[in-house]
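Presented sequentially are two complexes of subunit A, the first with subunit B as partner and the second with subunit C.
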Partner chain A sequence: MSEQRVGFAAAAAALIARDLRLALRRSGDTLQPLGFFLVVTALFPLALDPQLSLLRDIAPAALWVGALLSSLLALDLLFREDAQDGTLEQLALCGLPFQGLLLAKTAVHWLLTGLPLVLIAPLAATALGAPYEAMPGILAAVLLGTLALSLIGAVGAGLTMSLKRNGSLLALLVLPLAAPVLIFGARATALAIAGEPLAAPLYLLAAFTVLSATLAPWALAAAVRIGLE
Partner chain B sequence: MAWVWFHRFGSPPHFYRLATRLTPWFAWPAALLCLAGLIGGLVLAPPDYQQGDGFRIIYVHAPAAWLSLMVYVVMATSAAVGLIWRMTVAYAVSASCAVIGASFTALALATGMLWGRPMWGTYWEWDPRLTSELLLLFLYLGYLGLRNSIDDVGRADRASAVLAIVGVVNVPIIHYSVIWWNSLHQAPSVMKFGRPTMPAAMLVPLLLMLAGFTAYFVALLLIRARGELLRRERNAHWTAEAAGATATG
Partner chain C sequence: MNELTADNLQLWRGEQHVLRGIGAVVAGGQCLQVTGANGAGKTTLLRALCGLVPLEAGRICWRGRDIAVDAAAFHSELNYLGHDNGLKADLTATENLRYAAALRRPVRAQDIAAAMARTGVAEAAGQLLRHLSAGQRRRVALARLTLTGGSLWVLDEPGSNLDAGGHTLLLELIGTHLQSGGVAVVATHRQLALPAAQLRSLTLQ
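For the complex of A and B:
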């Protein structure tokens, strides 16, 4: 019997590649959160007077509420199928750091829902009347915010992955915990649109993201292990 | 051995007997302290020079708000103890905390709104403290929702314990982010409630109410934890004995 040793980096890369390939084979499902985000942000001007000044005021709220909700959409499936077909058990037993492997899966969630949002946010912001000069600030805020959303959301997905009925429970678990992301992200976006310095909320958002990245993997691993029992 | 008391604490029958014995020692002081606090606060304390009699709701509001946070910390701490040492008793305490904490949070919200009506002219103001209290209520509801949707008690215990620990790390962050959110919006224009040092006639009843509410919480927690233990250990031998003793005694 030849003992094959796979390093953590190779395993994580293989896991990310596998999950991305799976997502590409179902590109319809994968694109749904993005379409959802665009529809939600497009609904705000329909519900309001489409005056540019008014739209500019609600743009941060529309962008961030849309980002929060569309990030939730893909969470439910993040671990569910892998838990059902035993993949997660193999990952837990394979001897490599479980936290790291789950972090790799979380990274895939960000690549599939967070990164598209970062790319599409300038478009949505322009449609809501944000000036061109605001784009770097908005991009930075959405980049940091979506990372934190994926990390927090993954913990919620781990806690609920083995439940049969979890429709709104996941939202109830994740959204209050994500309130700081919403507050700092929307604040940074509003300051960017107003052309004012936005360092303060951006630093706070970055701090929150770093804290999530530090602590979430451990909570996530504990949650998934409980779900696998 | 120094840790014997700790292991005995983790034994359900021992904890059950201890809780039964301790309950009156918290329930009676709670009743007396609240009675004294209410008389002091509602009758003896002078009306506030700005808010008149409206300020008196603080004697219910402040203890409820204080407990809403403290109960969450107790819940998360006992959940962590349960996760680390796999103690049924700690899980039972944690599970008993959630409904009590959610009730105190709802009470703090309701009294805050009632106070806001005459003071701010509206029931709901997006005041930082009220808002973070509202988010705390959502955290409690999430905890209860997660517990309710997992059928197996052991797994519900461990999953909700992880959630409680994640929540307790987040509670201060949420609290301060809400405060900064509001202070970034507008300068605090409302009077700072209770910031000017209170005269003793107002402060002493408030402290009595705080102590009374806390004792009430402990008594309630002991009773609920006993019920929780009986339900979990319903097939164990000691449960029948304990139930029999209660029935005859």
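For the complex of A and C:
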């Protein structure tokens, strides 16, 4: 029986559209990570002496710890609901590359938590006293860093999706793996604020992001397949 | 020619030997009815037949080819309906069917409407799935089954939550599928009222 089949690109686009529509339907849940990031970064100036030099010193740490934690917030739901309602099985059994479809779902996680962070980062950095000249460097670092965070986080979410209470285990799995993002991202941000060349940590961050993008899809598919058994 | 063969399937779940040398041959136009008490391993067998659960020993072939060799080609012909409907609660019935079909084959809006009319949920088309009853959701899942096609249907308790009319509908759908040369594997507690020539039975201990 010869049937007309859909191509992978069309299927992945439909999957992304579906997840974005679902996210739009619960915009309250969707906006939480962004709100969390803003509140965390805004709390630092309140807790410290409002001296510009002090704020600039802690700005990289505040930005990146906030980014790491807010990325973690939305991970729990990334595969859990799909695993419970059976749609994840349908993805695994549709005959299209499973890694690719899971990567499409990871892209949605980035669009909903990473991209808003990139857009809001200049505001948060300004609130922490970063000069205007530092913005291109901070933007580049946050863009690369959030991509890596979504990719690493997705593997953790896949591994823990079938567990009952997985919040803290997910954090324990993901945060150590995400340490390079924190180190290089914060270093690049600190150099950008100081007005010094930041190519070295930025390149290392880019290399780590590329490595995550290369390995994560396979690890992710293997983790989710185990979860589906 | 469509044909599903399972040969000496062995599977352990922890300490429990769930599938002990299961074998079956189902040809095109035939339905394999899998029965057995609760916990006998019906769902496990069905998931193994789909390639979701790796086997300890044994072989499953579709058209004479081991399904593990070219899983993508096998899956593109497979249509699985498990305990869970595979539908999102926060999407309407129409949206669910559109996105489910988008993974398999191009369908038009009127195909979706026709599938829902066929399974008796046309009036629920625009409602969120979470507002439908369990039986209506099952009927939307049956609409997905007819919409996305595939020559091998693997159905796990497809009649759960369905009323008497729903059971008749289910038999009609399976009958149509078999007449077009398809193969069906159905786990059920309720005897399927199909012609004897179309029906194979497997009882798990």
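One rule holds for everything that comes next: the second predicted complex is superposed on the first by the 226 of 229 C-alpha atoms of A that agree within 3 Å, B and C clash if a C-alpha of one lies under 4 Å from a C-alpha of the other, contacts with A are read in each partner's own complex, and residues count from 1 in each chain.
Basically, a contact is a pair of C-beta atoms (placed from the backbone, for glycine too) under 8 Å apart; a residue touches a chain by one contact, two chains touch by 3 or more.
Quantities reported herein were computed from a predicted structural model and do not represent experimental measurements.
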After superposition on the shared chain, which partner residues are touched by A:E229: those of subunit B (first), subunit C (second), both, or neither?
both
Take the contacts of subunit A with subunit B and those with subunit C, and give the residues found in both.
229
With touch defined as at the start, can you tell me which subunit C residues reach subunit A in the complex?
47, 50-54, 72-78, 80, 82-91, 95, 98-100, 102-106, 149, 151, 181
For the subunit B and subunit A complex, residues of the former touching the latter:
83, 135, 138-139, 141-142, 145-146, 149-150, 155, 158-159, 162-163, 165-167, 169-170, 173-174, 177-178, 180-181, 184
Touch list for subunit A against partner subunit B, complex
155, 159-160, 163, 165-166, 169, 172-173, 175-177, 179-180, 183-184, 187, 201, 204, 208, 211, 215, 219, 222-223, 226-227, 229
Residue numbers on subunit A that touch subunit C, as the complex places them:
1, 3-6, 10-11, 14-15, 17-18, 21-22, 25-26, 81, 84-87, 89-97, 228-229
